[in-house]
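Labels run A, B, C, D and E following the written order; every chain starts at residue 1.
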Amino acid sequence: MKLIRKQFDSLKPHFEKGGKWEKFYYAYEAFDTFVFSPNTVNEVKGSQIRDAIDLKRLMMTVIIAMVPCLLFGIWNVGHQHFLAIGNPGAAPGDKIWVGLVQVVPIIIVSYAVGLGVEFIFATIRRHPVNEGYLVTGMLIPLVMPPDIPLWQVALATIFAVIIGKEAFGGTGMNVLNVALTARAFLYFAYPSDISGDVWTYLGDATPVAGFSGATPLSIGAASLTTGENVVSSLNQFGAGWADGIFSFSNLFFGAMPGCIGETSVLMCLIGALILIVTGVGSWKIIVSVFAGTYLAGLGMNMIGANEFMLMPAAYHLVIGGLAFGAVFMATDPVTASQTETGKWIYGFMIGVLSVIIRVFNPAYPEGVMLAILLMNVFAPLIDYYVVRANKKRRLQRATV
Amino acid sequence: MDLVNLGIKSIFVDNMIFAYFLGMCSYLAVSKKVSTAIGLGAAVVFVLTIIVPANWMVQQYILKESALTWLSPQFEGMNLEFLQFIMFIAIIAAMVQLVEMIVEKVSPALYGTLGIFLPLIAVNCAILGSALFMVQRDYTLAEAAVFGTSSGIGWMLAIVALAAIREKLKYSNVPSGLKGLGLTMIITGLMGLAFKSFIGIAL
Amino acid sequence: MRQSNTYIVIFTLITTVFVGGTLAVTSILLGPQQAKSIEYDTKSQILSAVMQLSDEDDVLGIYDKRIKSLVVNYNGEEVTTDSKGQPLVAEKVDVSKNYKLSREERLLPVFRYMSESDPNKVEAYILPVYGNGLWDRIWGFVALGEQLETMKGVSFGHKGETPGLGARISDDPVIAERYQGKKIYDDKGKLVSVSMVKGEKGEPLDEHHVDGMSGATMTGNGVNRMLMEYLTCYESYFKKVKSQRMAGL
Amino acid sequence: MGKFIRIKKGFNINLAGKAAPKVSSLEHADTFAIKPTDFNGMYLPKVLVKEGDTVKAGTPIYHDKRHSNVVHVAPISGEVVEVKRGEKRKLLEIRILADKQVEHINFKKYSVSEIANLSADDAQKAMLEAGVWPNIIQRPFGIIADPASKPKAIHISAFDTHPLAPDYSVIFKGQDQYFQTGLDVLKKFTSGSVNVNVHTTSEISSVFSQAQGVELNKFSGPHPAGCVGVQIHHIDPVNKGDVVWTVNPFGVIQIGKLFLNGVHDASRTIALVGSEVKEPQYYKTYTGASIKNLIEGRLTNDHVRIISGNVLTGTSVGKDGYVGCFDNYVTVIPEGDYYEFLGWIAPTAKKVSFHRAFGLLSFLAPNKEHKVDSNTHGEPRAFVQTGVFERVTPMDILPTYLLKSIMAEDIDEMEELGIYEVVEEDLALCEFVDVSKHNVQQIVRQGIELLQNS
Amino acid sequence: MSTEVAEEKVVKKSEALFSKRRKKLVADPLNEDNPITIQVLGICSALAVTVKMEPTIIMALGVTFTIVFSNLLISLIRNFVPNRIRIIVQLAVVALFVTLVSEFLKAYNYPMYKVLGAFVGLIITNCIVMGRLEAFAMGNKPYDSILDGFGSGLGYAWIILAVSFFREFLGSGSILNFKVFQALGIPYVNNGLMVDSIGAFMILAIIIWVQRTKTGYVEQ
């Protein structure tokens, strides 16, 4: 350890003011503080001790909460691959291998490109490299289809980091969730690679007879035209090559096609547990998203104008990326509502809007992503009114 | 039901700002504080509600081909559509003036909040744009009224949300070249991205 | 002086007269040219269903030579005057307005594309179609062969379909090509139209289906609905033409 | 009848090195110092003595140019040895070489009945003259009360919830009579109530519980329940235009002593606490005692940070410094100027944290006493609102918004968000828990100064 | 009053047709005082029509025509316009020229007329036009007003042309409808976002970013 420290110490003067690499100080700082917690002490006046937490550790906690989703996702990509080519009995090792081959490059591209942009901006704009990207860099791969072209991942990352974050002044300032911005970018820029039958990685193999790359959401949306009962369509789906793939229990467990990290509600709930226990993610938001979704689902049942509306409300909770969005996207402290009252409204509206978009907007069955983006836009307004209520209370108190 | 649908469509889907970029000048200039944004937004809703149906009348009974037959059958086939722009803009300007005067008389309180924004509105492209779209899309009078109001609401929603975001961003360290207009553009673009969730919604 | 009411009124009057006069004169002078432009536009759209037009082509000339138009109603009868007794011109019929009416009330233009060698022989029937895509309205022209069985060509237009997905119906010439030669009646003589399937396989399909557009199923459905609806509207006319032809033989 | 208020939000930082309830007397210190920097909002202190002058306890040393009637006096008798100035000739401290025996200036003594009949003006005059006035701190702003102001209430927090805070029943033992007299005098200044706020969870010292003629309010819950700002917020909040006074118990007692004994009595009991102190306990000395004298031979090692006051709001004074005039204790913690390999990720139960983020296990053993050093544990970053500020601020105030409005220098917004209700100590916990490592207390003071100067 | 006029005449005589001041009238709006990126005017139409370059060129010409001639006309009658109704007179003059543009377009380029739709009419409310009339033409001589209008028009034109260039190039892979990538044989996937309105905001924001960083203009 001391040896490494010495290396850093000997390099440090070059990066400090007047050093030959002065420009790159913040790049150096990022590496240094990554390896060693800095030796800075508190100022003479004010708090003399500080909580042991820092942004890095906070972000690390979120990443750890995502690990179950990631691991499951890697296995699932392989599993879906073998299901689709008619070899469901393939060895777990093979499945994981296929998954790794598909997923790891996406993660590498996401981190390499994203951090690259961060370092360039840190150097040009002379501000510290922020840890925020640690989480974003992991979220981006998890919301991508398994066979997304890598250049698109790179492009989306660049767009999201520059336009979605750096333009606002960096971590903590952005208005829209950066990972969702990346996904929305792809969704609108290259729609053919992120919608339709892209959720199963096939590679060069020919799919088994009867294979369909549909997702539960597309089945739901299709029911609008076919008028078939959604639940029975879901239960019948996959007959012959993947029996019961969309049964309720499997929808919950998550061994089905979808974005790399978002298929399994179970894994998302484990993540949610980690976030809630550690207090890093707001339980209010998670709970209110689920509540909003469920209640909106019930409301739809009551209207019941078509088959998709009649789908039992509980299904809304397990199909699509709702759980993943609720746990990892909606809780992003920067873009969520920042007042405690606001969080309830914010989460609830995400849930309601998700269901509305799913049911009423045949073009975008994946309503969660757009619902969160939309509420990101309105979160400052919610906060504005919550803050105003606080001000009003103060003012009224004065006049009483 | 069709009217409700049209209303929702005009507020969210065919949003004046995100889909047609109309009324951008005042949208960019008057979105620094939520309170003023609400004032301007309300004024736009108010004026649009009056002006779109008013222009509908003008279009229907004066400008359209053979529109003047209600005066005398000899006007059959007469087409005054080349006067459309000038008539519309004149009506908008006159109406705004009138509204200003009436509001000042009837409700000084309302005038206090809306008054300063009303003159701004005559040159707000969202107003003229709505009038022209109304003609292009061949709305009925009821549709025109709904369209006017909900276009205004959509515009108001956009400017108020933007103002809240900009208030929040007061504290951030934005690259200097992007300060103000540039960043507002980016925010508007990203807001448009989020608003896309409504595109295609049909009730 | 400049602020007095009389002055303002006079100034306003002069301005109004000047502006109105200028505009009126322009409008009258440009009127014929405008009418011609609109005519050119409509006619080239109609022709594009059966032929590739280039800028050099004398659209109006070709049109005059090759197209004979008429208007029919839902029952397949030719209509020559509108509700007010004015003579009807097929090119002036507003399809979008008629779309709002019930099928039975619609005026349905037919543009007959005559053979170059025999001006009395119909080579294709060009029919306007209109409907809703995923986002907004879509429209186009469908050309049927002289037997009114197969599609000779289509041309579509759209207002707001997703670029790269649904927008391909007008941007991507491949889509229109797919319709060529497809049959609209099944073996039993029932009108089944031609439908676009879900998903893009890149494989040839049977004679009633065309390959879909990846990621644009909803637009495809819109096109399918539009074709089916309008072919149904014209079905009586088809029957009539066929029976006349039989009788003629 | 007083109120009972239950505080739920907050956090008790459980540190090692609590003082044992043992009071020793200290060998007489060489020097004492009085520091204008202990007072907020000091405009320009004007020194009234020269180096070499001899002073008695109660001799005026300096006053603020803007408030020349509020004099600050010597706590003990002796010779002025140094008038220390810093950058831009800012007056830092005035050191007095103390006599072995403290000589007092004799002010007028009052009997209990005289006090009862004393007018507010006369009482004020006596207090100003004897230099006990600076004990009265006014809200908003947390500055020395303007003698011309009329407070709507007076608040006295009779307990301290800061980490390692001394037990008031030890340090104010036997001062019942003076405390009561102090209250009687203070009551003259307000038409509103005088509130004495006590904590329910520890045994209330009779000094406070027997107080007569005041509102006795009871509080329960974690820190910052003991901060007087929090208490005011729950009893009778400060609105724009309001003025309230706060006095700490030492100040009340000093006022009482002035009227009963006719002297400026700066003798007090202070505690030496913290993980680096061999035997944390209480010592008898005077206001402004030198640190050197206090710590000599009582620390376990040399690499320490010596804080006058507590670890949240105190000032690092160094070995050559002096105890601040409002501080009842000195805390000694390890200096944290070390690098730690992968310190941001390594799991640890040793570091204390309000959070339970990955690897921070201190929450598992809430009763364990922690040894905490002065390391920042991270680098300053942009504000990320994790909602944690709200969880340690038991007031109907939105700390993050308030802080941001201060940073944006938006005065209207600050007023509306409640800047009048807070001083640094009320939001000190925010500074502690902040993941972005902002200097919250500095920001608060900036805001207050902005407001004062506007 | 009369002396002022006399003075003006003297200045006029000594001033060259393209004096430095007059060149500045044209050159300033191109960059340092650009109507779109610096003065934040005329954004509406700058964004709406820029999907392809062709309609953008038409729009740019239309706006430039309108500014130049309305500037000229208003400048000619500036001494006769009653102050109370000057805004409405300005609007009428603008509307006149916009209608002319629209009528001509309808007659000679009908497909473009359809593409631009309502946006031709919206030139009336393009704040650049009104802004120049109010700020310049009302107080300056005809020739200067023409130059000023021309400069503003060009400043507007190059920005929207730049926006449309990127939008068409990235969104449709073509320049002026010429399929560049196809011609070069490079496989290119069109970026749908660029065809969408969102692309316009982004491109304009980036142009503003680059342009303001270069000119060093910072908005307060």
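The rule is short, and it goes like this: a contact is a pair of C-beta atoms (placed from the backbone, for glycine too) under 8 Å apart; a residue touches a chain by one contact, two chains touch by 3 or more.
Since the structure is predicted, the reported quantities are computational estimates derived from the model, not experimental observations.
> Would you kindly count the fewest steps from chain D to chain E, each step being a jump to a chain that touches the current one?
2
> Hop distance check: chain B to chain C, minimum number of steps through touching chains?
The fewest steps needed to get from chain B to chain C is 1.
> Which chain is most central here if centres come from C-alpha coordinates alone?
A
> A-C versus A-B: which interface comes out with more C-beta contact pairs?
The comparison resolves to A-B.
> Going by the average position of its CA atoms, which chain sits the greatest distance from chain E?
D
> How big is the gap, in whole Å, between where the Cα atoms of chain A centre and where those of chain D centre?
46
> Can you give the whole-Å distance between the Cα centres of chain B and chain D?
Chain centres of chain B and chain D, defined by C-alpha means, are spaced 58 Å apart.
> Could you put a whole-Å number on the gap between the CA centroids of chain C and chain E?
Centre-to-centre distance between chain C and chain E: 36 Å.
> Between chain A and chain E, what distance separates the C-alpha centroids? Give it in angstrom.
Spacing between the chain centres: roughly 43 Å.
> For chain D, which residues are shared contacts with two or more other chains?
If we look for residues of chain D contacting two or more partner chains, we find 382-383.
> Where in chain B do residues touch two or more other chains at once?
Residues 82-83, 86, 171-173, 175, 178, 182-183, 186, 189-190, 193, 196, 199-200.
> Of all the residues in chain E, which ones touch at least 2 other chains?
92, 95-96, 99, 103, 192, 196, 198, 202, 205, 209 - these are the residues of chain E that touch more than one other chain.
> Show me, using the given definition of touch, all chain pairs that touch one another.
Touch list across chains, by label: A-B, A-C, A-D, A-E, B-C, B-D, B-E, C-E.
> Residue numbers of chain E touching chain C in their complex, please.
Touch list, chain E to chain C: 80-85, 89, 92-93, 95-96, 99-100, 103-104, 106-111, 113-114, 171, 190, 192, 195-196.
> Given the complex with chain A, which residues does chain C contribute to the contact?
Listed in rising order, the residues are 134-135, 162, 164-165, 199, 214-215, 217-218, 221.
> Under the touch definition given earlier, write down the residues of chain A that touch chain D in their complex.
My answer: residues 1, 4-5, 29, 33-58, 60-61, 64, 128, 130-132, 169-173, 277-280, 282, 333-334, 338-340, 343, 387, 390-391, 393-395, 397-398.
> In their shared complex, at which residues does chain D touch chain B?
Counting only chain D, the residues touching chain B are 382-383, 404, 407-408, 410.
> Inside the complex, what are the residues of chain B that reach chain C?
82-83, 86, 138, 199-200
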